[in-house]
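The structures come next, written out as structure tokens.
The same chain A turns up in both complexes below, where it pairs with chain B and then with chain C.
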Partner chain A sequence: MDYIILIISSLLINNILLAQFLGNCPFLGTSKRMDTAIGMGIAVIFVLTIACIVTFWVQHKVLDPLGIDYLQTVSFILVIAALVQLVEMFLRKFAKPLYTALGIFLPLITTNCAVMGAALLIIRKEYTFTQGVVFAIASASGFTLALILMAGIRERLEISDVPLALRGTAIGLITAGLMALAFFGFQGMDAALTALVRS
Partner chain B sequence: MGLMREFTKGLWKDLAPFRVVLGLCPILAVTKEAETGLGMGIGVIFVLTCSNVIISSIRNIIPRQVRIAGFIVIIASFVTMVELFSQAYFYPIYQKLGIFIPLIVVNCIILGRAEAFASRNGVIASALDGLGIGLGYTMSLVLLGSIREILGAGTIFGVDMMWASFRPFTFMAEAPGAFVSLGLLLGIMNAVSRKS
Partner chain C sequence: MKALDLIVSPSPHIHSGAKMTGISYHILIALLPAVIVGISTYGLDALRVICSSIACAMVFEALIQKLFKKPITISDGSAAVTGLILALILPASVPFYIVAVANFAGIVIGKQCFGGLGANPLNPALVGWAVIRITKAWAGYLDFDLALVNYDTGFLMQYPLAVLKAQGASALSHFDMIDLFLGKQTGGIGAAAIVWILIGGLYLVVRGVIRWEIPLFFLLGTAALSGIFWLTDQAAYAGPMFHILTGNVMIGAFFLSTDSGSSPVNRWGLVVYGLGCGAMTIFLRAWSDYSDGVVFACLLMNLFVPLMDKIKDKQKVPEVRSLG
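Let's look at the complex of A and B:
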């Protein structure tokens, strides 16, 4: 039952994008059109989950036993960069349709701080392996949810009369703020949800 | 004169994140208070300047195909230094910044400058470029941090600023306030730069 709380918490209450501010550059960059938003969202779910599994293993089987914790930042970013390359090569070879759909988004994911951020959060919050995987999938789905919602809004914004100075990123940020306000409404749910699940 | 321009362009022409929209995550996440914004800015200045210097001095040695990986390792080493140093000497700020210190690695500004400037220019020009861009970014962080701290808590750098009956807007201290105030600031910057 605790997993249900974890899923809802990382999907809605502590949405990785709107409450924890991770992954904002691709969020504003790829949310102008619905098809790119969906492509980016799926690519993030895919890479983030694999990256969290691999970095979890690196932390607990390599860094901790050897006592070289201070290499965490360097090793995580290298693992993520290498992994993105591997996923790209693998998809190009074995899953051509998926590669043509996600190909252009994969290189962008290396510098998406949502991936590195989720990997670090799993270690800092001392999750077990299963909790970590659930957290990773739910967080990435939360990212995709926010991205797709935003793309829907921005397609409408294209045809509306926005003040000249606010066009582009500025109105995107304000829209994201209003969405964050809506997601902020979930904050009160945390305690109620815990009580409901436990009863 | 030419070198001076490398420094000053970061303060207005290429001011991050307003004129060049990069590095948004930290600027939203650590600007609840002016102090954390300043701490983050100093970290970015250090990492950006040092990595620019190293990258530009070995720019002819790194093979083109693996340059991005090389840049990332150099940047990550400096970020680790910032992390350990702040943990040892500035523990309260280290705790407040949390995972955003290691996340300096994936700040697009730093990799962007490495790729666009340091890998093509001399050491001194790259150092000035790093200092200028870093300083501009710090100014933006402190500006947004001050606005949010004054409206969200009525203080600036922890000092009371507002009259006694002032009611802080909780909105500004939370996530939505960060997005909306950055968006409005960006709009003001656009309007100003269009006039000039």
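Let's look at the complex of A and C:
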């Protein structure tokens, strides 16, 4: 039951993009077309989950026993960057169309704050390993959900008469703001659900 | 604008004769009974909010179109409709600047920034309401129990959904369903006049301005999900009738969710959209911080509309016969 709440919470209520504003650059960069958005979403789910598993292991097996907690940020960046390179090589070899579709944005996952943020949040919230994995998958799915919704809206904006000054990224940011406004509707839901399960 | 690959079918093309102006005036006429009931309940304050809201909406639309160097289209009435709908879900006591900010957010950010009429991904009136609701300092203006404490209306001045949220369904026994249906309840200026909203909504359906799928499946979704909740725990959750007859559900089903720019096109899209709005309303009413979830439910479902439009209806391919 706790896992279901964790999934709903990180998918919708504390959506990593629309409630915590992590990972805005790929959000705006890859949401212009639906197929790119879906590809990016799947790549983020894959990378974020693997990254969280690896960083969890790094934290508990390397950093904690050696007492070098202060190296957390540096080592996480290193691990995530190496991982993304691996994914990039993998895609170039086995999924060439996806690789060309993602273009510059796959290396961008390296600096995707959503991946780093989720890895750090798992440590900060002191999740167990299973909780961490569930949190990672649900967060990345929340990212993908927001990305796909955004792509749907932006595909429509292509054919509407947006004022000249606002075309492109500007209207993208306004759309992201309005999406976050709608996601405000979920506020307070995780507390209510937790209370429901406890009672 | 980019050059588009739009497919134009061969002639003849038949125009239905509908114009944007006509559609807007039908909506204004449909809302008139609720407006009159609201003014007769809350007096001049309600009139003040309604007039200032419509005025703000039209002035902002004209100003921003001037600024963006576009033709000024306030005479089509769509800005007036947005202003009126926004006013009807506000309490009668909101000060002028709240109305102005809400209309600015709705008309300028929610509608004109995206290219004006029909291009808005979210219903502009709801964007305006939500901006006020999530601003901590102003949320009190939308708390009906606080906002309407100084009015003597002759009926029980307790916002039913706030009672439900605070005390659970067992505290609701003194609300009479008939009174709720006749609009004798605390709420928005026009949104609380349930029966008059229903009549206006049915007028729009008959006139063909809105399609019957959205209201019907909105109400069905609300009833079905609240029924499930009610059957699991009757002490904590209210029944379907209570949920349909309180708050913004009725105005939501006929006026808030049916905005033509932000609702789906195809039949199955409409069904999914309506059910989603209704069900999400009940989820938010049961678990979120807000006593009434209709506005946020509609906003959330608006986000899914481009995806719902991908559900295509099965079209019959017209048969081609030779004339000989």
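Note that the second predicted complex is superposed on the first by the 178 of 199 C-alpha atoms of A that agree within 3 Å, B and C clash if a C-alpha of one lies under 4 Å from a C-alpha of the other, contacts with A are read in each partner's own complex, and residues count from 1 in each chain.
We adopt the following convention: contacts are C-beta pairs under 8 Å (C-beta built on N, C-alpha and C of every residue); 3 or more make two chains touch, one makes a residue touch a chain.
These figures come from a predicted structure and were not determined experimentally.
Colleague: A:124 contacts which: chain B (first), chain C (second), both, neither?
Modeller: first
Colleague: Between chain B (first) and chain C (second), which does A:149 come into contact with in this model arrangement: first, second, both, or neither?
Modeller: In the superposition, A:149 contacts chain C only.
Colleague: With both complexes overlaid on chain A, does A:198 touch chain B (first), chain C (second), both or neither?
Modeller: The answer is neither, since A:198 touches no partner chain.
Colleague: With the two complexes superposed on chain A, say which partner A:159 touches: chain B (first), chain C (second), both, or neither.
Modeller: second
Colleague: Which touches a greater number of chain A residues, chain B or chain C?
Modeller: When the residues of chain A touched by each partner are counted, B comes out ahead.
Colleague: Answer with first, second, both or neither: which of chain B and chain C does A:93 touch in the superposed model?
Modeller: Neither partner.
Colleague: Touching A:77 in the superposition: chain B (first), chain C (second), both, neither?
Modeller: Only chain B is touched by A:77; chain C is not.
Colleague: Looking at A:189, would you say it contacts chain B, chain C, both, or neither? Reply first, second, both or neither.
Modeller: After superposition on chain A, A:189 lies in contact with chain C alone.
Colleague: Kindly list the residues of chain A that each of chain B and chain C touches, one partner per complex.
Modeller: In the superposed arrangement, which is not itself an observed complex, chain A uses residues 163, 166, 171, 174, 178, 181, 183-184 for both chain B and chain C.
Colleague: Can you list the chain A residues touching chain B in their complex?
Modeller: Counting only chain A, the residues touching chain B are 18-25, 28, 70-74, 76-78, 81, 110-113, 116-117, 120-121, 124, 163-167, 169-174, 176-178, 180-181, 183-184.
Colleague: Once bound in the complex, which stretches of chain C touch chain A?
Modeller: That would be residues 1-2, 4, 68, 70, 109-110, 112-116, 118-119, 121-122, 127, 130-131, 134, 283-284, 286-290, 293, 295-297, 299-300, 302-307 of chain C.
Colleague: Which bits of chain B are touching chain A when the two form their complex?
Modeller: Per the touch definition, chain B meets chain A at residues 21-25, 28-29, 68-69, 72-73, 76-77, 79-80, 83-84, 98-99, 102-103, 105-108, 111, 171, 174-180, 182-184, 186-188, 190-191, 194.
Colleague: Sort out for me which residues of chain A touch chain C in the complex.
Modeller: 148-149, 152-153, 155-163, 166, 171, 174-175, 178-179, 181-189, 192-193, 196
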